[in-house]
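What follows is a set of structures for review.
Both complexes shown next keep chain A, but they swap its partner, so chain B is in the first and chain C is in the second.
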Partner chain A sequence: MGVILKIEDLYVDFKTERGLVKAIDGVTLEVKEGEVLALIGETGCGKSTISKAIMRLLPKNATVRGKIIYKGKNLLELPESEMRKIRGKEIGMIFQDPLTSLNPVFTVSNQMEEMFKIHKLPTRKSIFEEIVNLLKIVRIPDAESRAKSYPFELSGGMRQRVMVAMMLSSNPSLLIADEPTTALDVTIQAQIMNLMLELKRNFNTTILLITHNPGVVAEIADRVAVMYAGQIVEVAPVKEVFDNPLHPYTRSLMRALPKGHKTERELENILGRVPNLLTPPPGCRFHPRCPFADERCTGGKPEIKEVEPGHFVACYKVGGTRNE
Partner chain B sequence: MKKQLIIRKFFSLLLPIFVVSVFSFSLLHLIPGDPARYILGDFATPQQLAQLRHQLGLDRPLYVQYISWMVKLAHGDFGTSLVANVPVSELIKGRLSFTLKLTGTAWILAWIFGISFGIISATKKHSLIDYGITTLAVFFMSMPYFWLGLMLMLIFGVKLGILPISGPGTWKNLILPAFTLGLPQIAVIARLTRANMLDVLEKDYITTAKAKGLPDTLVIYKHALRNAMIPLITYMFLQIPWLFGGAVVTETVFAWPGMGSLLITAIFQRDYPVVQAIVLIIGTLTVIANFLADITYTIIDPRIRAMG
Partner chain C sequence: MIGMVESNVNMKKVRSESTWYLTWLRFKRNKLALVGLGIIIVIVLIAIFAPVLTPYSPDEQHLKDRLQPPSSKYLFGTDEFGRDLFSRVLYGSRTALLVGIVVVAISATIGVTLGLISGYFGGWVDEIIMRTVDIVWSFPALILALAIVVILGPGLINAMIAIALVGWASYARVVRAETLSVKEELFVEAARSIGESDLRILVSYIFPNVLSSILVLITYNIPSAIITASSLSFLGLGAQPPSPDWGLTIATARRYLTLAPWYSIFPGVAIMLTVLGFNFVGDGLRDAVQPERVG
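Let's turn to the complex of A and B:
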C-alpha cells in the first residue's frame, strides 16, 4: 500500500490573549492508501487541529510549521487557488455536529450542487439526478423530496448522511471524518459507521477517522494513532493497540475502558490531569502522569520508533529497554 | 399555510393603525394653541373666534370630532386645511412624491453603501480600513441631520460649488439631502452588517463551505451574507420611520418641498387636518414597514416559513 498522506514534524501554535498555545508538537504520521486510520485521543489533544491543518482551515491566529505531503505535494506550500482544488475534490471532510455543519438557509440539493459546479464533476444525467442518486447511496429514504428539503427539516443522522453524500460526490481519495458520530445517538452512530465502512469497500476511499471513542475505533479502523497533548505517542494496527498497548498512556487508557463484561477489577483512571498547553511539560508531555518516568523523559522528546513490525511508540521506556 | 400567515399578519395591522390614528388626533389637540386665533389674528373679538371655531367644528366634543374625521377618512377625505382652505389631499399630493423620492434615495444609498462597507469591515477585521470605517460610522451615527446637512452644503455647495444646496430641481438637487438623510443609516447598517458577518463567519457551515473548496467570494457572498442578512431584514424596514423623521428636518434644511416641510409649517399654524393627515400617513407607512419586515423574514429564512 502506498502512502497517500504524510505528515512530517508538524507544529501548530495558536496565538491567544493568554499566550502561545502549543497545540501540536512535532507530529509525524503516515496515512496509507485504502486504509482507515483512527486518530484517537482525549478532547483537546489536537486531533481536530491536525485535520484542519491538513485542509488548511485553521483560524488566522494559528502558525503551522512542518510538512503535510499529499500525493507528493506539500499542502502547506500550495497557493490558495491550488489548495481549493484539493479541498472537497481530493480530500473530503465530515464534521462533528451535523446540526450546524449544513447551511440553514439553502436546500440540500443547492448545497450539494455546489460541489458539481465548483469542481466541474462529470455527470451522466442532470446534476439533480446525480444528487438524488448520491442520497440513495447513503440510504436516505425518499431521496427526491429530501433533496429539496432544508437541513432543519432533517434529523441529525440524516444531515450527517447528507454531509457524507456531499463529500462523496467528488469521489475523494481521502476522507477526513472529524468525530462524525459524536453528536449522534448510539443507534445512528452505528448506521453512520457502517455506511462509512461500506463506502470504503465500494469506493476504496482512504479514511482518516478522528475520534475519542475507542468503541468506534475497534469497529472500523485498520490502524490507530494515539495522541496525547499534541504529540503522537503510539501508532499500531488496531488489534495491537487493544491487545498489546506499549506506551504507558495507551496502556492506562485501555485499562480505563469498560470491557463489556463484568470483571473483578474496577476501572482505573489516569492520575493527574491533561497539561495546560500554554505551558506544556518539557520532553514527553505525558511524563508528569507517567508511573515510569525518569530524568530522561523530562529532558528531550522521545522519537517515535518502530519497536515491533508496524508498531511505533514514542517512549524511552519501550523498545530496546522494554523488558528491563 | 403561507397565505394564511400573511392574511393573519395583515389583520394584525389594523390595531396599530387605529392607535396611530387616535394618537395623531389627540396629541395635537393636547398642545396649546388655537387655529381660530391663528387665522383671525390677534385682534379678533371673542365672538368672532367662537363663531369660527363653531364653523370649523372645533367646539364639538373631541370624540365627536374624531369620529367625524374617521368617517370622512373612510370616504378618502382627509378634510380641508384650516389655513389654506384647500382639501388636505391636494396639499399632500404634490408633496408626497418629493418625500418618497428623498427617503427612497436615502434608503437605497444606505443599503448599498452600508452593506458594502460592513462586508469590507468584517472581512478585513482589525485592519486599518476596518478601523477607518468604524470611526467614520460612529461619527456619522452621532451627528444630527441639520448639522450634517449644513456641513454638506458648506463643503459641496459653497466651497466646492459643485452641487446645488436648496430647493427642488434636477437630480443634482437630490444628492445632498439624500446623503444627509442616508449617511447615518449607512453607518448603522455598516456596523450591523459587520457584527452579523463576523458572527456568521465563525459558524460550522462556513467551515463546511470552505472544506468543499468553494472560493472566498461564494463563501462570503452566498453562504455568509444570506445568513448575516436575516437579522438585518427587520432593520431594513424598521429604519423607514427614522427616514421619515429625518426627512422632516432634512427637507426643512434643504427647502425640499416634501411632506416634512409641510408638516413643520402646519404644526406652527395649528392646521389640525394637515398635521393629522401627515402623521397618520407616516404612521401607517411605519406599520406597513413592520408588516413587510415580517413577510421578508419568512422569504429569506426557510425556518420561519415552515413554522407558519
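Let's turn to the complex of A and C:
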C-alpha cells in the first residue's frame, strides 16, 4: 500500500489575545492508500486542527509549519487556486454537525449541483438524475422529492447521508471525516459508518476518521493514531491499540473505557487535567499526568519510534511499562 | 390511487416554497402587517391606474375655481391655480413610490456589496468601509442629503441620489454584522471544503442568508426615503413645480394654511398613510423572518 498523505513535522500555532496557543506540536503521520486511519484523542487535543490544516481551512490567526504531502505535492505550498481544485475533488470532508453543514437556503439538489459545477464532473445523464442516483446509493428513500427538499426538512442522519452523497459525486481519493457521527443517535451512527465502509470497499477511498469515540474506532478503523495535547503519542493497528497499548496515555485511555462485561469494575480516570496549550509542559506533554515520568520526560520531546512492526510510540519508557 | 397522487402534489407544493412560505405564514398572523400590506397594495394600484382614477389631469387649471374647499366636483378641493387636488394627490403617489424604489435600489446595491465585502474579508478593507459608514452616520440624514443636493443642484433625481448616498450606510452596517455571523457557520466552511471560491461563497452562501435582514431594512428604508424626499421638496430642493409631489404640494399649501387647510392636509395624510403602511409591513416582516435559520 502506497502512502497517500504524509504529514511531516507539522506545527500549528494560534495567535490569541492571551498568547500563542501551540495547538499542534511536531506531528508526523502517514495515511496509507485505501486504509481507514482513525485519529483519536480527547476534545481539544488538535484532531480537527490537523484536518483543517490538511484542507488549508485554518483561520487567519493560525501559523502552520511543516509539510503536508498529498500524492507527492506539498499542500502547504500550493497556490490557493490549485488548492481549491483539491478540496472536494481530491480530498473530501464530512463534518461533525450535519444539521448546519448544509446551506439552509439551497435545496439538496442545488447544493449537490455545486460539486458538479466547481469540479466540472462528467455526467452521463442530466445533473439532476445523477444527484437522484447518488441519493439512492446512500439509501435516501423517495430520492426524487428529497432532492428538492431543503436541509431543514431532513433529519440529521438524512443530512449526513446527503453529505456522503456529495462526496460520492466527486469520488475523492481521501475522505476526512471529522466526527461524522457524534451528533447522531446510535442506530444512525452505525448506518453512516457502514455507508463509509462501503465507500471504502467500492471505491478504494482512503478515510481519515477523526473521533473521540473508541467504539467507532474499533468498528471500522484499520489503524489508529492516538493524540494527546497536540502530539501523536502512538500509532498502531487497531487491534494492537486495544489489546496492547504501549504509551501510558493510551493505556490509561483504554482502562477508562467501559468494557461491557458483567463484572464491570469501576472505571478508572486519568489523574490530572489536560494541559493548557498556552504554556504546555516541556518535553513529553503527558509527563505531568504520567505515573512513570522521570527527569528524561521533562527534558526533550520523545521521538516517535517503531517499537514493534507497525507499532509506533513516542515514549522514553516504552518497554519498561509493558507489564500490566 | 388518485387520492395518493393528489396528496403527493400538495406535499410538493408546500415543500418547494418552504422558507418563504413559512415566513408568509408567520407574517399572515400579524394583523397590523396585513393592514400595512393592504395600504401598500392600494397605493401601488393608485400609482398605476392614476389616469383612470382621476377626474382631471393633475396640471389642468380651472382658474375660476381657485382654492375651492372639498366638494363633489373637487373631492379634495383645489389649489391656487384651480387644479384638482384629488388628481394631484393621486398622481403624487407615483413620485413617492419612484423615490422609494430608486433610492432603495441605489443604496441597497452599494450598501449590501460593501457590507458583504467588509464582513467577509475584514482587515483594512473592513476598516476603511466602516469608518466611512461612521462618517456618514455622524451627520443627521437630512442635513447630509441637503448638502449633497446643494452640490448637485436641486431636482428630484439629484434628491434621490443624495438620499441614496446617505442611506447605503445602514445597509452596509447591518449586512456586515450578519455576514460576520453567517461566515462562521459550518456550511460556509463546508462550502470551502468542496472548493468553492470566495466570490461564490459570498454570492450563493452568505448573501441568501442575509437577504431576510436586507428585506426588512428595505421596507423601513422606503418610507424614510419618501419622507426625506418630501422634506427636500418641501425645502424647494427636490421635486420642482408643476410636479404633484406631496412634499412640494405641502410647501406651497403652507402659504394658504388658514385660507385652505385641506390643501395641505390631504397630501400630508397621503405621506402619513404611505409611511405607516411600509412601517407596518416592516415590523411584520422583521418578526416573521427571524427564526428562519433554526434547523
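By definition in this document, the second predicted complex is superposed on the first by the 317 of 324 C-alpha atoms of A that agree within 3 Å, B and C clash if a C-alpha of one lies under 4 Å from a C-alpha of the other, contacts with A are read in each partner's own complex, and residues count from 1 in each chain.
The rule we apply is simple: a residue touches a chain if its C-beta (ideal position, glycine included) is under 8 Å from a C-beta of that chain, and two chains touch if they have at least 3 such contacts.
Model, not experiment: these values are computed from the prediction.
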{"item": "Chain A as common anchor, with chain B and chain C clashing or fitting", "value": "clash"}
{"item": "Which superposed partner A:R84 touches (first chain B, second chain C, both, neither)", "value": "both"}
{"item": "First, second, both or neither for A:M55, with chain B first and chain C second", "value": "both"}
{"item": "First, second, both or neither for A:N204, with chain B first and chain C second", "value": "neither"}
{"item": "Partner chain(s) touched by A:F152 [first = chain B, second = chain C, both, neither]", "value": "both"}
{"item": "Partner chain in contact with A:N74 - chain B first, chain C second, else both or neither", "value": "neither"}
{"item": "Doubly contacted chain A residues - partners chain C and chain B", "value": "55, 57, 84-89, 92-93, 95, 97, 100-106, 114-115, 118-119, 150, 152-153, 163, 166"}
{"item": "Residues of chain B touching chain A in the complex", "value": "203-205, 207-215, 218, 223, 226-227, 230, 300-303, 306"}
{"item": "In the complex, chain A residues that touch chain B", "value": "55, 57, 84-89, 92-93, 95, 97, 100-106, 114-115, 118-119, 150, 152-153, 163, 166-167"}
{"item": "For the chain C and chain A complex, residues of the former touching the latter", "value": "8, 11-12, 15-16, 18-19, 122, 185-187, 189-197, 200, 204-205, 208-209, 211, 292-295"}
{"item": "Chain A residues touching chain C - in the complex, by the definition given at the top", "value": "55, 57, 60, 84-89, 92-93, 95, 97, 99-106, 114-115, 118-119, 145, 148-153, 163, 166, 170"}
